[in-house]
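Handing you this structure, nothing more for now.
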């Protein structure tokens, strides 16, 4: 397989380029009888949609989702769900200037080396536009997880600026253009990002995904651990350079006694953990604690500041990427990260049900 | 599938518990005609073997590999390669004290919740003993990659102590008990780890894997990106809490212009990158630059310092894990990380050959 | 996975119901640089299209294929190819009469039992309409196989009437409404099928697929033998009840000496087989001889002759299936069988290339 | 993958050659808590074992199964089950005479063409010896199906001699050396097969597998239909040339009204089918009726009657295959066919549980 399918039982197969007639995906393995309509999906796509504020790309992609199959009388039937978004705002002319150059940081060079040619319009298949389909599939995954699972993401670092976790407020996330859970940082980031944008530069970010209500027992050792599948899911998002679970890289610096999440029995006989360095997984299986994952997004590679590159047919050149780009793609990566985490959890929920009865 | 198979074309299927009669794996998809004997594998297993120094577990696991199939007259035949190591030094009695308690940080609790029972002897299937088979499979993967690919790993941080990258010397890696590329740090770590060990504590680590000579073009977007598959491979190693590629989490703090790996044309017409923040992959496809990945290993969960836990059948308890444990499992994770990276690269080499002709 | 993906490297993922807005599929794993346009696919869809003669359903499904992705400037790019056909001629009213009854021989009852509900319009997902996507994918598979492989099918039995193989003429296949290679049988079948049709009955058929020019070496033992994958591929076509390779069921009656395909060396050093009871595969691997497979199609289940059935909510009933149905679905199964065989061969061609270098 | 893994959730990965140190397999995805010991498996292996009567190979393969993992205190743990049989009676010398010739009907030629070399000892990986592992895995699959499913096989045709189905008696199957359900045919076959054997010839056979008690709802359209997966499973058994379900190839000759399995409602509200031409599947999903599948086995290719062949390094030759061969491999294919059917059913049981809740 050439890598456009994700998941074992909850399976997403994606297609489409940024400048073709449409992008789409097939979601297979969905249990029957789940209530689903286009609105259930559209709400998440709208979170990812560009052009909502001055801090994201000014492209106008209404991203109207169509359900082509698998739903009958507003319920899933168990048949594969075909989803499609027609591409509307494709200004291929924007790309004439760069069709003969490799944009540093983009997949231009590697696609050219691998496939011998490339669809240079907006990155073709390598465009982050494909992440719209991840978000759409994630909306269906959430339906499988049900309301017991609360899965949400937030930007916890923009450029060098980290939030103060003591000010974490989930309500704040919806009230600023950055999905930032720290209202103070959100204000500071406005100024920072305006400056980045005006300079034609870009900046990176770190996103945190949390899922509460995930039952203990999800994940399939040895290789398909819940954390391993989350790592793959999040690292597969364009521009992601790192993934960590729980204490993550900081765990390396801890002593065994500090890292241990000690356990106590509650009066009702249930088990309580006194900390969550594990990030909700032990041995690759969910423990019932919150799943906590973070991923790092590199700064947008399309910038207006000239960089050195080469021509596709030889010779050095400088390149400036104009067009309508996000100064911080990490912002729109928040709903994408949520969606990928939802897909992984839904897949493992079904897998656990098969082997262990759920 | 319940997660004991790794890879798409180069496929490893693993089995075995730490205290059963044997552990083993099946390696499928290996091209025919490759020279292979047990010695080719044993050399890597010996790097992972415990008890070589006072800084690793004092268990005596000779870990003698047997090839059961797939090789005829010292060449691979194209048939699946069955590998097996008989378990020798299994002191199940060591585990009597903990059979009714969940060890914090271990998979005891989650296996119990998922499977309804657990093989408490040495962690059963969740034991890191299974990583011997990853190392064995990795030795075969290296054969597929061939000599053009130089793949090696090193410990770059032990506990809070990072190496000085300016002192990086690959020759040093084989000359200290830590696979440390910085001879000065290696000396300092001896003292640090002796202290950790004597206190009955443990410490975490960060490992870096580098692969040079990897041809451009490996990796299969959208979901099976080379970096995504590396992330899964490394995160699936027991005790790993984070994975990053190239600049990794530091990329979040960079500006677009600083992060861009600029390109120049060499006199011979080949392309040169002026930096490697990408870690050798762009759009999930190898660029021909060195693949650089790091992963964080948490401190060993088995420690002699009492921790709070619960009984499997209810009630609080304290737990002390005696036995013969590694004070820093990160050390022995070095050959395991190398092996997993080799498996990913070999798999994508075959996948690329299928679709793009190699 | 719930079964809507076919193939390992050449992968087809299908979706769509007969009465939804569209059917479609994603074809992943296609090598880059292959010339492809809609016409290349349409020509095969036209062979499957109903309503071309009085011997097939009178539905008007123009089945116009759209390529949504994966092709740029008339060449495949290596990205997944999204294909779609909009549904036009859907007369859902035809199905009101049967929405509360299970049609014998159809999947109505089993879908209802499995999924708890069903899309009764034209069979929903179980409709043979999905086979249009198999044909479309098969057209791409043929491109991968290239011109050296000649893959074609023919109806060799209609109802109880078998062709005379001595009269086999591939040119005849395109000159009668039955894809019949025996011109004499073709004439006889007209009368037979007219009678079947007028009585509101239906009849079964046997189709033979032959592929010449298939290189030796395709197929992956132990489980994914070329013949095993062909068997799955053909048996997965709606209404198919049997598959055989080479001598097939007749092989059971042969002696070992009669069944053996003896071998001789030609003057040029190549190997010649003196017969082809094996049907082109030995040990599940192609031998270079013609691949020969046959499959049996049951009579169309939708007939105008009353049959006993039950109501979906209890109680007995009689059922008559009106609408526009094929008196012999086996006819239109010919291009479908060709397509499935092409998909299997293309998949194994890529697999062989990966492991054995093609 | 190179084809040595079978199944989606209940997964069998097999390895081993007839003349290596051992054959084995890994069975992954088994639910935890199922009672299992070696005896549960051995009983089925003993049915397949050669040398029990004069009508099968006189090789002495005690085929003692060892469970290496996945079982703790006689219960499955959910971990992968490693199984192994050490090879004992390997007379490699038997093969010296044929090491430089291709045996007609065997995989010698195709393995040589595909892999560039071959392990000529007993067929290497292509030896039917690997079917022992299918039988072992099938024994575990039966445990998952539970006692409600009665799955059994019988020889219904030997050479040209079919049984009289009116004399079908399941009790007879265990009372003759042929797994024949017709006591009269069993007697006649003794004489027939003695003659075949003495002439150094061989003969083919047809086996029928029946499974009763299979719940309605198993099978995953579109491609992974229950019948399609059964077809692949049975066709993947060495020497099988045809597979059919229910009425099979005879369905081609039926009219729609005769083929329809009419339905009636029983007094208790359950559904009764008045016939079973479908063989227990509709639209690829089990209907609750008996699953009925048949497969044709070609005559043993190893015969003492000289056949024409070629040398591996050029030139014509005659070949006689001496050694200890089955005159009718179809006999020992009965337990193998049962096992493969059990694996398919167990896999789909788990798949249905995941998607539809079982």
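Should a chain be cited, it is by its letter among A, B, C and D, assigned in written order, with residues numbered from 1 in that chain.
Quick note on the criterion: a residue touches a chain if its C-beta (ideal position, glycine included) is under 8 Å from a C-beta of that chain, and two chains touch if they have at least 3 such contacts.
Remember, it's a predicted structure, so these values are computed and weren't measured experimentally.
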Of A-C and A-D, pair with higher C-beta contact tally: A-C
Chain located farthest away, centre of chain C as origin (C-alpha): B
Chain pair among B-D, A-D or A-B whose interface repeats that of B-C, sharing over half of the contact pairs by residue number: A-D
Rounded Å distance, chain C centre to chain D centre (Cα mean): 26
Interchain centroid distance [CA atoms averaged], chain A/chain D, Å: 46
Length of the line joining the C-alpha centres of chain A and chain C, rounded to whole Å: 39
Touching two or more other chains - residues of chain D: 1-5, 8-9, 14, 29-30, 32, 78-79, 114-116, 125, 221, 351, 355-356
Touching residues (chain side chain D, partner chain B) in the complex: 1-5, 8-9, 11, 13-17, 20-26, 28-30, 32-33, 66, 68-70, 72, 75, 77-82, 84, 114-119, 124-125
Chain B to chain C touching residues, read off their complex: 9, 29-32, 78-79, 221, 350-351, 353-357
Interfacial residue positions of chain C with respect to chain D in the complex: 1-6, 8, 14, 102, 104-111, 113-116, 125-126, 130, 157, 159-160, 196, 201-206, 216-225, 227-236, 238, 240-249, 251-257, 259-265, 269, 271, 274, 277-279, 281-288, 296-303, 305, 307-311, 314-316, 330, 351-352, 355-356
